[in-house]
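Have a look at this one.
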Amino acid sequence: MIKQIFRYREILLVIIIAVLLAVFSTRAPGFARPGNLSNIFNDTSILIILALGQMTVILTKSIDLSVAANVAFTGMAVGMLNASYPDLPLPLIVLVALSIGAILGALNGLFVWKLNIPSIVVTLGTLTIYRGMAFVLSGGAWVNAHQMSEPFLQTPRQLFLGLPVLGWIAIIIVAVMYLVMSRTFLGRAIYASGGNPTAAVYAGIDVGRTRFFAFVISGTLAGLCGYLWVSRYAVAYVDIAAGFELDSVAACVIGGISTLGGIGSVAGAVLGALFLGVIKNALPVINISPFSQMAISGGVIIAAVIFNARQERRRGRIILRDRGASEQIEVAA
Amino acid sequence: MNQTAALMPIPDMPLLEMRGISKSFPGVKALNDVNIALYAGKVTALIGENGAGKSTLVKILTGIYSCDEGEIHVDGAPVAFANAQDAIDVGVTAIHQETVLFDELSVAENIFIGHAPKSRLGLVNWKAVNARALALLHSLESNIDPRIRLKDLSIAQRHLVAIARALSVDARIVIMDEPTAALSRKEVDDLFQIVKRLKAQGKAILFISHKFDEVYEIADHYAVFRDGKAVGSGELAGVEQNEIVKLMVGRSVEHAFPKVDIALGTTVFAVENYTHPTEFRDISFELRKGEIFGIYGLVGAGRSEICQSFFGITQPSSGKLKLDGKEITVRSPGEAINAGIVYVPEERGRHGAVLQLPIYQNVSLPSLARTSRSGFLNAAAEFALARKYAERFDLRAAALSVPVGTLSGGNQQKVVIGKWLATQPKILILDEPTKGIDIGSKAAVHAFISELAGEGLSIIMVSSELPEIMGMSDRVLVMREGLSAGIFERDSLSPETLVRAATGNASV
Amino acid sequence: MSAVTEKRHIPDRLGTSASRLFASWEALLLCVAVLIFIANSLASPYFLNAWNLSDATFNFTEKALIAFAMALLIIAGEIDLSVAAIIALASTAMGTAAQMGVGTPGIVLIGIGVGLGCGVINGVLVAGLRLPSIVVTIGTMSLFRGIAYIVLGDKAYGGYPPSFAYFGQGYVFWVVSFEFVLFAVFACLFAILLHATNFGRRIYAIGNNEFAARFSGIRVERVKFLLFLLTGLMSGIAAVCLTSRLGSTRPSIAQGWELEVVTMVVLGGISILGGSGRIGGVVIAAFVMGLVTFGLGLLNVPGIVMSIFIGLLLIATITLPIIIRRLRYGKTA
Amino acid sequence: ADTIKIGLVAKSLGNGFFEAANKGAQEAAKELGGVEVIYTGPTSTTAEGQIEVINSLIAQNVNAIAISANDPDAVVPALKKAMARGIKVISWDSAVGKDGRIVHLNPSSNELIGKMCLQLAADHLKDGKGDFAILSATTTSTNQNTWIEEMKKQLPNFPGLNLATTVYGDDLADKSYREAQGLLTSQPNVKVIVAPTTVGVLAASQAVADAKKIGEVYVTGLGLPSEMAGAIKSGATKEFAIWNPIDLGYSATQIAYRLVKEETDGAPGSEIEAGRMGKIKIGDNGEAAMADPFVYDAKNIDQFSKIF
């Protein structure tokens, strides 16, 4: 199974994250307290959900650069909806968020599926379009905390067994995605479409349609994050979640999801997101100059990529013939 | 898999019939009004030159391409396939010419992808999948663990998985597009056992191969394609090979290998104790001017690897190479080409040609330094170079500016060989030069190899085909599991000795 | 066709019919450019004015300089998302030099040198260590800009020598700016490099089939390394122009340019999957993007709404030919 | 006569502060008559974006440009070009380097703002003594940096008040939130977070509320009433300050108009007629200041949150 080989990497990531936590807590005593850890998890929840969507897309050999713009548009839309109709029940609002996200994702997916346009081009286009639409929708105005209804703001913050509902939502999404990826036909089709698209066609899998569904999943999750984001930070404006498209890709890469498709796991994506979350949360706490944060995250991403590549290579079989379609390792230096 | 006799249709009504099938690609009419019928319990061999349209027919029959015209009938009822799944649902399954499997998935997943057994909740039940895969592999006399990843299998094992995959579908029509191209004789025998069993179960089988001995061994019916048209079909029994060849190429073809005996010159290339950490060990031989040096072995014996190390693709850990008596090190293909050593790779689509680039650009690619002036391209010189080799090989193409990918397999191979000859090498390494090439082109390639040797070129030729190795080589190195199993002189070559050396088994 | 022994004559080329020429990407793009030009002159009375048009070129010249190199990189199947960050770092280095009293030639050399240096780092990581460029450069993007933040923090560098202003603000004659001349010269140089040299041919070969290219004796790693170097160099040159135009350096300089550069390249008809495209397309695409932003700017359309247009343009120009082909040849084409 | 066109350039569009300033500008335009205010700006706070906007304003032959700059130096070349083509340039809110404009209109004097921020911090602390932290916008924001500078300068006047640290939320809600959360964890002594930017105050209030530290840690600073209403209601913020952006936009337009009409040359020492704001006096460096910041709290927030 795919996981067997990768188990090693994921355990390693867990260890690295644990070591990081330990190191940080020597610098800031409060850091490794359960309370703060649950804070970090809670704070990373949105990235985790986005990374799972991104993972689904990357597995099919595509990329979704529009996730953050999707978050912004959906967030703005539900924020405005809530502000103008404070009495709408929350489930309905969440449903609207999921649907808008799914529609935006489906748009990406349709271009990729029906017209065969490379996903990076499509989502590069929709990235600007969706965020632009958020601007057009709101005229650039903000939706502020006092305009939002109590349930809209408070529900994700309710504590349940010590963890806010937001964190639980992430956990549920992780579980659902795990089931989808490992136990459903769609999950297998996603791995197959990315691992070897030609072979997938021969196996009766519609690669285009599989990619479409991957984009719908990614979009739906982004839509959910749109609501969660606005509720969590109690504000909606055009620039929300700026830069998250790259963060979600980075989380996947750190988690060992191959950008060439077909390789990676749910656990990897979650751990990759947590890794970034820990770093992001730790830097302000351990008083690292805010100016070095960016350089540090960059360095970490590069290190993770190098490390992952090393892993891949060392994993070689007894016979060095193990050449994935991805790269020809033994070829002359 | 529990096909009962009750399901067997009446023998003389075809189980599957394709009528008036036509299919065009931009610039090519791949199939033109083709009719073909498959019968239950019978093997139909489909024969034709490269590019005759055989694989195209297979792809139409499995729902990968849709045909422009024509209809498919199963059990007398018309069917339409929008995608591969539709074909599977109707009971058509295929082993395709290219290995179309998933490196990153497990063997069991590869076998059952698309039709895995599900639990009540609609979730895939992996336990059941693994168990069924195991049973299926056992029935193929294989003990591959269904849980390991395909990546970790050898080429031959992958072919078995592909076969198991085809059989995992409870199909009534089984198509095999050159299934034996990568198999050793032993594995071919195993495969034929399976084919016979399928026959006995009443399945209709379409078998595609360029090897006539196999066709005669297994097939009941034949169908011949030429240039996208069906030009003949019928019962195979009593039909002479020559008649089929005539149908196929429109003329009779000399069967003998045109090896001309020439006086061998001095040693030009010497390999001493060449060793790679994992691929091969202690290989030594010498190559003389004008010699054709064969390397024989089973798939995975390490023949390609050693040749690639001469070409600088892989690096040996110890050992020496001498060219014209001088010791050389080859660290990259560029250095090898400069030294006059070239390698025609086995996988032409992946390693041999840039399929999207035009023919002339492919031919000139390794020779750019010569066709250009101080780094600037010279299209006229490139065309001239390409034309020279296109004519020499009787290449069939609409123009020299069409992408190589639009050519048939055999014509692609001609471009690849031409590309390497254009560098005017001293030593030519050919890895399976006629793999998947039709009989007409094959004879041409063989004649050409002889001609080159006659011109004083030294040739190393890797091949899995005994007749080719025996017909063409002056001497043969047999490899087994990365080691030399002996070097045999031309007059001591016999199928028995070679196979015994290659398998290390006296009883094959 | 029975006597096969006679040699067939194979023509060099199939006739290039006029209709094929008109169906080319560049022709399509040129039409778009002309349409936009006409629309602009109808929409705003200020558009057809030499000085205004000259001002408009600044919208794209610097980005186009990078886009030329990026085009080569993308044709070779790689991408560099760190270009904007390279500008930030190079600009910071130039600012530091200016503070230390280095003269204009020295400043320019330092800017270009830092660009080259960043190119070397990307090149070593991608070509040397064989890592996937999309993630490596996401990493170096944070790293390079991060270093600029560490150096500059909340400060800004100004105080460039007056003569340094020429590169971004100078005019060669009348309304023709130095930047525009630079743009034109590099457009020609890159067109020659890509279309008329062995190096260019090798780029196409690598982009289409890296293995076959390697087997043909092409030193794939070296070519890729040089391309990253070239991209770094062009980013360095763009940094000189931009810094000179702004007359100051902040770490946030050129934020978000990487996506605009990639958009320009893709709009220019370079396949994001590698292996095809021409420099001419990129040149026209630069004009198209410049004209769109300037024209909309004259109508005081907010930048984010402009980016919607750019996004739509990107998707439309890619989609249209596909749809037309489908309508003409049916689905299989 | 032709209408007078004044380009009012915001740091970024969609920011409530600048939208309010635009309200004031339109009010001034109506009052003056024959004036068209073109309200524009980039959509993110970058200097490059503003340069493109300035270029298109130049191309439209506007008579005056009034800009709140994202970068005091980077826009100078473009503005100089504008002045060279006879356009009157002033800056307001966030200053432009001296060569790039005729007059700069400060919303209030920087000293006053710095003092106000310290005063707000002290008001929230017991006896005005204890630790506070600053949560700023981006590291490059001109006004925030000036105000922080001023705060540091005047800190000795507030004995017992101790600046623990300064962090930057980049005017991004999530980053500011995380920075605030970091402060709560790593700086347990910090009892007040001062954020001289709306995004910062908002995010910090939310972080304090989420950490259940309302009443323990307070957030204050500069923010818009409409955006801050929630924070005041939750109790995370007791009071905050801001000057009136409507008046700011109004005055900027007035000044630009007078310059175009050549009623004044805007030289230091001159006084400029500014409608209902009375006369505005141009000080050294060509800078003028408007009124003191105004403090908002639970009592008056509802009244103002409807206006801006």
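Chains: A, B, C and D, in written order; residue numbering restarts at 1 for each.
The rule is short, and it goes like this: a contact is a pair of C-beta atoms (placed from the backbone, for glycine too) under 8 Å apart; a residue touches a chain by one contact, two chains touch by 3 or more.
Going by UniProt, the chains are A = Rhamnose transport system permease protein; B = Rhamnose transport system ATP-binding protein; C = Autoinducer 2 import system permease protein LsrD.
This is a predicted model, so every value here is computed, not measured.
A comparison of the A-C and A-B interfaces places the larger number of contacting C-beta pairs at A-C. Separating the CA-averaged centres of chain A and chain C is a span of 29 Å. Chain A and chain B have Cα centroids lying 43 Å from one another. Mean C-alpha position of chain B lies 73 Å from that of chain D.
Annotation: 37 Å between the Cα-based centres of chain C and chain D. Chain A has residues 135, 140, 238, 291, 331-333 in contact with two or more other chains. Multi-chain contact residues of chain B, defined as those touching 2 or more other chains: 313, 332-333.
Multi-chain contact residues of chain C (touching two or more other chains): 149, 153-154, 211, 214, 302, 304, 307. Working note: touching chain pairs come out as A-B, A-C, A-D, B-C, C-D. The residues of chain C lying in touch with chain B in their complex are 1-4, 7-8, 10-14, 195-202, 204-205, 208-209, 211-219, 275-276, 332-333. Contact residues of chain A toward chain B in the complex are 1-2, 4-5, 179, 182-185, 187-189, 191-192, 195-196, 198-206, 262-263, 317-322, 324-325, 330-333. On the side of chain B, the complex with chain C involves touching residues 26, 65-66, 227, 249-251, 311, 313, 332-334, 336-337, 343, 345, 350-357, 360-361, 365-366, 368-369, 372, 375-377, 383, 387, 390-391, 394-402, 419, 440. Against chain C, in their complex, chain A makes its touches with residues 63, 65, 111, 115-118, 120-122, 124-129, 131-133, 135-136, 140, 238, 246, 249-250, 253, 259-260, 289, 291-302, 305-306, 309, 327-329, 331-333. Chain A makes touch with chain D in their complex at residues 28, 30-31, 36, 39, 43, 135, 138-142, 144-148, 157, 229, 232-235, 237-242, 280-281, 283-287, 290-291.
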